[in-house]
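What follows is a structure written as structure tokens; I'll ask about it next.
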């Protein structure tokens, strides 16, 4: 499937050709001057690997266990909005690819397909939640995700307000095209609600949510080690080091640069995941060597989706898998758990 | 008012189109190779924020108290010369925008409108002073500013000689156009004096000035911590970390880089302000997290003025206010006083 | 012979003009995003020399002793594949140049000429080995190299799998042109075997190889100091700090950056060689000052070969020799052994 | 005289237009990849000044005392070869400008005018010497410089061999044009000798030279602190931190980066001078703040000479003087001796 792109940069270029600029920019853009969006990628380019040799790496296995489930590789699909802007099949195509690849898709609350359809495509989806000020409605959304078979909640905590994205403002991109809505924001009457960013969101709501569901809860958007410690104290099940792909606070630290302090603060009591800037298998390796349990990819999945629907997403996932597998071997490791900080050159360690 | 520009870079581009190159370059240029002018902006791009989450930031308030007055946000208008070069209304337009925005305009001694007219536009202006060798005349200028209602004196101390600015020399920019003068440099006979840079200026003159007026005195142009300590000892009311927008000593340290040592030297005994390179709300946040009480913006105000007079300046101020408000929320803060150095990534701290 | 190029950049440009893009890219390319390939060169550009003066450097001598043999300068020829892609004479031309220059050619296992012919061209070749899973065949290859007169084995340990090189994939470069084969991969029946990357390769195989031959054994591809210590413990005769010219693990540390920790780990018990990024005589000087006993050059030799066969390779070697000789004098040294770490500026030391 | 250039970059551009490329490149070029030539300038761009204010700088005086003579400013003229390639008047024009400016010209041993004529143009020239293997001839050259009135010897110690400069090799620049010779290399018979680079040069020759003349001796080309200490021990009168403008060892440390360790090693026992990369008055200020007693400028003088003969050189010197004078005032200093390391931002200190 080489005509689908030898690497993710190829896939991105192909997607850009296919998407109209408003949609491309909606996916590609970041907040403000987009320096955090760039920094996420650049942070990986500053890390250098000191590989081990002669370690007998013939039998490699990328599978990890996360929140009690087996995942075929430490690369998951980050929640991103509006997949139907990339491909008519929308999130259902993404879910099919995730299922085929044996990895987890985190379904966005801003999905343009119903969570039931998405879950029916197979796999073990998780559900991303912006807790809404209307607690009853929030509960209803959680119940619906549970009923559809979602295995975890990924609660976004980095969005008390909506990030200002100049590309969208320039395009006048405000509403989804006719016929496309956030299908999982329908209330009991079938009306589609707007997703509200709740500036008042606080740890109390996390405690409340903990009481609402027995699903594992991950907090998405933790960058500060003090918040990571609070996450442990509040009994959540994991933290996701994320700056929302640079789409919320421009100037926020690159996720890879934030990772080590969060890992140190958590001290093994919770799994730490990361998203932002992962574009090569070796990026996955670096994040894992610095303490992440897994990474999530967002934009690359949308590129694959735009290029080829489910097959395109699958291609993106398999490129990353093959690349990571090779990097693992070349670094002298046979499984994700073998990777440690001594593989990262000291000058490039945080 | 989006056609007025989504961000300050838009406003700058628009202003550049409208202004003739001599005037644009007069405002944009710096001394020598202009590396300090560039460094002021670049210093912000080297700082990264580690935001806090889940802090309940629904009720934000940008107001600060400065020298006993309330200011609606920690963004003031820096003193800059010759506003009539940007717009026929000159400093009166700027003052009107400041008043509407509830912030302080520092009126330049090189204003092209009379301080009485400027103050009459509303608001609580401060007055910038180059102390002149003629003490009697200096006293008269101070009295005039007092009488007009100015609430503080901002004494420029970084200009014992005039910075050499190659752009102005190339354009042969020496005199203001006919009909435009420094209206506040008229002596008792109505003659307009030239502003003299007094190379002999020393702490004794500050002590003298302290005896001349009861207005609060801020020293503008302090970069060295030893001078900040001397400022405290001489009983002034605040220091403004400034390198004159890179227009005096090319090679001078970027203001954001100078800020922490000044803050440490002052140790809370005086408010520390900063100007130079502030172009986004997040820049304000960074300066405040590193210890500034407020920042001042110079060139952006002139851009707004050139684009749309008072409305253009207002647009610039409201862009910064909205941007700062969002950044505050996204960093987990509700008011300027919440911002501390732990929000700045350690590697990027000074 | 100035029309052959004043420096290696000239030779590279000339070679690029002469070679078809598939072959140029095969030689020039690296794995993945090629950042390790670039980093190898850039690492030299970050080191600065603090030369000594007035040391009476009239009688310089570049000769070194390596594994018991005299070599006319501390610049050897790295093993690279497929010399007939660069010039019809292939590795025989390279060997002739090496012999004339009094230096060592490391013959690649992927040579397109027979090792017997190559050795017959003169000089003291070494032989590079990818240990094959078929031990009997591996033994046969070693015996053949011994019989041809090779003086050492250079065992590549950085290639448990084959690096993914996008340039080759884009060109569809898979097989050698008709009539060109890996001549030293013929088995007893005359059939040419493929070179296998053995992912299971481990220290046991090194121990086994140590029992197979009395030739000195160098391990090529050591970057991690822990592996350097293991190399000492396993009784090999030298280590070659290499990342395979950036062709295996993209993201691997630049060799010059890896060198000091390896030198420290080995603590003089073995010679430490380096390849990757050497393009000027002063690069050789820097590597030696940081503890290398000698360096090897790969791509530059191929450039010379493409431009002028044996004469072209000779030109490359003599450019480096003259450049190193001058650099030695200008740094106040008369022989390689005079070079120490105090010649490298502290800020640029690792 | 603004049409002569507002700054040295203007003068350089003008000179480049006037000179044929072979001559421009002879002056502009460096050894090898020219990274040391670039680094000399870039080292200044990495230093930032923390100016002092309110220090009463009305009465400034740039004069310094050097080797017992008064010099009107801490900017001297570095020895450079072949001034007649830049202007028909050659070194006599340069000397006239130096005399008018009240500064020292260091006459190159490769001057194209006779030292007697040069000295007759006024001022207090010093003489640069490449000690020749023929001691008798060397003595004769020294005697001739003494007789002409030179006040010091500047002995070049960084040139045991001739730096390889690709630009000159490309142009085939080997010999001076007909009618132009190194006038001060004539022997007793009037024959012009070639200047030999003596690879055997050592401290013994410095001791010998010390016995030959009573003139002050400066060593030009000291970068290593160990050599600076040896210079003190050998009783010379000063050291000049220089890398020959990047024309000898490409990769040598930038002079500004080498300065602090040399200053520390010398510990005030000798004056330390610096050349290389000085292009602005603020560069002079930085070098002095880091411990230099004075700086020398080479290429800028040749640019001025090419543009306007003696007047062009004078313009270059007066640009630097005015620029330094302004920088001194703006940094809060009245004389070179006021400048200390606390004016340099800590992060940018070596």
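In order of appearance the chains are A, B, C and D, and numbering begins at 1 in each one.
Criterion: a contact is a pair of C-beta atoms (placed from the backbone, for glycine too) under 8 Å apart; a residue touches a chain by one contact, two chains touch by 3 or more.
Model, not experiment: these values are computed from the prediction.
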{"item": "Self-contact between copies chain C and chain D, residue sets same or different by half", "value": "different"}
{"item": "Cα superposition of chain B on its sequence copy chain D - rotation in ° rounded to nearest 5", "value": "90"}
{"item": "Far-end chain from chain B, centres as C-alpha averages", "value": "C"}
{"item": "For chain A paired with chain B, centre-to-centre distance based on mean C-alpha positions, whole Å", "value": "42"}
{"item": "Gap in Å, rounded to a whole number, between the CA centres of chain D and chain A", "value": "60"}
{"item": "Interchain pairs in contact, sorted by label", "value": "A-B, A-C, B-D, C-D"}
{"item": "Complex contacts: residues of chain C adjacent to chain A", "value": "32-33, 35, 39, 157-161, 163-164, 166, 169-170, 198-203, 205-206, 219, 221-224, 226-227, 230, 248-254, 257-258, 350"}
{"item": "Contacting residues of chain B [partner chain A, same complex]", "value": "2, 6-7, 45, 47-58, 60, 280, 282, 285-286, 322-323, 326-327, 329-332, 342-343, 345, 347"}
